[in-house]
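Got a structure for you, questions after.
Which chain is which? They are A, B, C and D, in the order written, and residues in each are numbered from 1.
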């Protein structure tokens, strides 16, 4: 299999125990052209118990609530999912559990990124088997000085021989965590790859996004905003949706913003966008997952603790977050 | 005088050696409320001869061409004006020359920022006398570790006793040059000051701009995008115009983008915005003023040399810039 | 047990299935006071075959050569060991294999850091069982905005109930890879912890090191320089040794510098230090592990490929590295 | 004249109105080979009155005290001199006043850096006339993206025709303020220039300094540490002295550290170096010139206010600084 390989021979023969060939072939050969990833997704938080074990009961309660919102699907193991703190087994199990909890028409995108290319290829295979319809692959980042454009292209295009399990890949650039801002020239090159269908960009540089939309026209390459703070600007330069931490909390409002833009109601959209920034900053960049989880509680979701080294937020910080929601009319 | 109280009539009479309170009050309460800075401005390049002296003849030729474009006015001594390389006398003279070259209905905004507060106050006074209708005041930046929020508020609000010459002030945040990104809380505080009318933000973080528009509603505070790379996104979150280096070269196109947005032609606006990023990056962040000046030549303007230590661009670089304009349909 | 807990009672009772109590007790109760980590260590490179699997045969050949050099011991899974690309099982196996290859008097320090605290505690336990006499624990870094001083202190001091396997801990700050520079106040606090014996600091800020040596006097806290580029300056402010990527290649020279300093031969030491910087920069910051591995070949070691996404270096780069060694008299 | 030109013929003929030829010739032709800049210098603070005007009386009192300390000389208008806030006239006047206050055997080094090359050349000429025996020229920094190695070499080597007034030049790299860390290859190239005698480096990367000493051997190029935090490490890699903000306050101690190193008393030197870091950080990087000026008062010097936008430090901050001096035995 490949992180993103395509035409495979003798699929039926090689991959007996795994993915049904019929469903693979169209993805590999043409599904990449067909998979529409447009829409709004929450990168779902992973609920933990006090002892830091995963609480699947609470997860199901959250998902049942989210299923009432017109999301396109779910991102499992974006940065908000604390995937960096999950073991390999937990990562795969979590995706298979979510796959069982959501309706068939919801797209499940699983974070499959690892530091090494070989682990990423393996994780992609496992996520596909677990039910993911696409994978989100973050830029590796540990050896920052050596993460050249060549290294990135190598990482995202390396194949494993005789592989057959594969799913479309979405590139993931999140410089706030990785300090790596995937370069436009790399993205443009990768946009031509048959198995790479899009990009989630959390950097917030909408000029970069505008340019990328323009330079990848014709490649059926789809770009998702990585934060609710710039969703409307991203739409206005050609992005097709968003993976929004805030959607864990204010899912309806995020979908409403999408809707207002599509209907051309620019003034209402502008005002809603302006209002979303304050709360969004609190539950993402400023206070991170601990901030997100405390806000989830206010809106009827289970937030719960994070895994260490993330720390619980203080009462003072909680009050700052609450004010940010109140001041902008969400509480 | 103040860094920011405002234009007065009967200066000779009023300003003998002190500030007449009566004359200040109405100005403070109304002109600041009335100055509309919305629209598109080129931060004009300063033309030099081979010996690095200012060539006012070439400047006039450029301005005569720019006067044919529906700009709201001119920014004299934004970063593209190489103001950091002009002497105090040159800075003031340049503004007075430009004031004599442009029609009365064009707003002249002069860069008046200096590292020290006292020099900035003095420069503001001189710029006002030279014909500027507003001043752009960049964040000081040399002692980076000490440029706290308190220092910024102090800088932008310090008054000089008994002053009377003043003009409205526009804050200028340009982290690419200064590494100082003026904090939202500072801007919100300053937006209430009677003489501070707006902000030019070149940082490109439209989420910040969206939030600022929302949090300064009611203060008649006006925000201008500092780069053509994100003009449309800035409009969609509530900005009122832009000071665009690219407008030195593609002035009509920049004004067209403004117009498309205002008329609600979002698809055309989106495409034009996408096309502008590539060329804009070349004449701003990537190759700076030397890149801008070489491109000016292609569009019938005088570009000429920069002052040292800025270096002439190589033939290879010139070709890169040319391709960026060609590829996106501007050459 | 604990990442770094200490006096445990009833060890024999609590930890039946694991580590023999006899060997644990001295470490837990007093070894922290006694464990002398001073000296020079290579953070050994991990040899791979062309298919990226670990080549233990080549590892043994390298170690046999290194055993001829008066190193204090070996760091297994410092950044140069590509530990970020090894699976959990590989990490533990590698340490146990190395433990079997080196003489008893060589100290084995194993990198046990993981992003989550719980994984780090578990890895510490496994490394201890595998034969490590101390562990090096890197700062977690993924959620950069939340990696506060509190988070760091929490990470390095969290205990697991009823644990018994433990080894002394060495803090590891490597901002070049993690962008986290462990704060002096955190280090000073942690230096009082009974199980934290020292710090490997790769940041290169010797002023910070001087201050830390002064502020931790009396805590028996030992600081190791994390790069040959500043080994002598580090010694002159009170550090006790170094974990030096360059020691994979120029082990004798690194030990010679230690010796010159100790004998007070400052002029010779100065010259050797000056000569080491150029080659060292090439095999660390500038060209990373791929640069290190190519240089290893010139000195009779097996370098071999790196794991992807690290890329092989080009012929041009290889030549630059060779010149750096030649120009300074090492080839 | 040149920023750094050298052998000039017919000086008497060319430069009638200016600097006496006799004093220039030796500097121009051979002094660069002879000027020994080794030793300790305070980059003197500029004393202001409450109205921010320069207080020359207080300056003289300070200098009279400093004259009792075995400094090699004075740096007038390093970063601690708030030169960025002085007008052109003030800058020159200040140097001429200091020249009149100090004994002939003290070397006066004047900060002559400006953003533009032409202003820097002019300022160098004026500083020479005012009595400076060498000038310190900071890297220009405003257009950060364009401050390439070529731009730096151009800036530091550009000549003005028919010039005759010149003084040796010391390069000044202070990335904490400018964000520009002058590249080793630029420094090595410039070290061959006949009029460039040395470097003041405030970056604190002693590995860089070690390498530079090695690579410039034979060019009679002299490197000064730019901070007391790393003076001893700098000496141990071949630097010849320091320009130390802390020397405004603890001049005797700084000179003592120099002396201990020269006499080979490494243990005493180590301890003194360790003790100096804490107080030094407070009066430089952490609290800047306002911190330095408040500490000057405790040691019998006039500190006084800074110019705005620098702000007075709070009582809480003052207490932090005082404790830093107390804890390390200096108060």
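The criterion applied here is as follows: a residue touches a chain if its C-beta (ideal position, glycine included) is under 8 Å from a C-beta of that chain, and two chains touch if they have at least 3 such contacts.
On a predicted model such as this, the values are computed, not experimentally measured, just so you know.
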| item | value |
| --- | --- |
| Between chain A and chain C, centroid-to-centroid distance (C-alpha), Å | 35 |
| Euclidean distance of C-alpha centroids - chain A vs chain B, Å | 38 |
| CA centroid of chain A to CA centroid of chain D, Å | 52 |
| Pairwise touch network: line, ring, star, complete, or other | ring |
| Pairs of chains found to touch, sorted by chain label | A-B, A-C, B-D, C-D |
| Parts of chain D lying in touch with chain B, wherever the complex brings them together | 52, 79, 84-85, 87-88, 115-119, 140, 142-148, 150-152, 154-155, 158, 176-177, 179, 285-290, 307-311 |
| Chain C to chain D touching residues, read off their complex | 204-208, 210-211, 213-215, 227, 229-230, 232-234, 236-238, 264, 266, 269-271, 273-275, 277-278, 280-281, 328 |
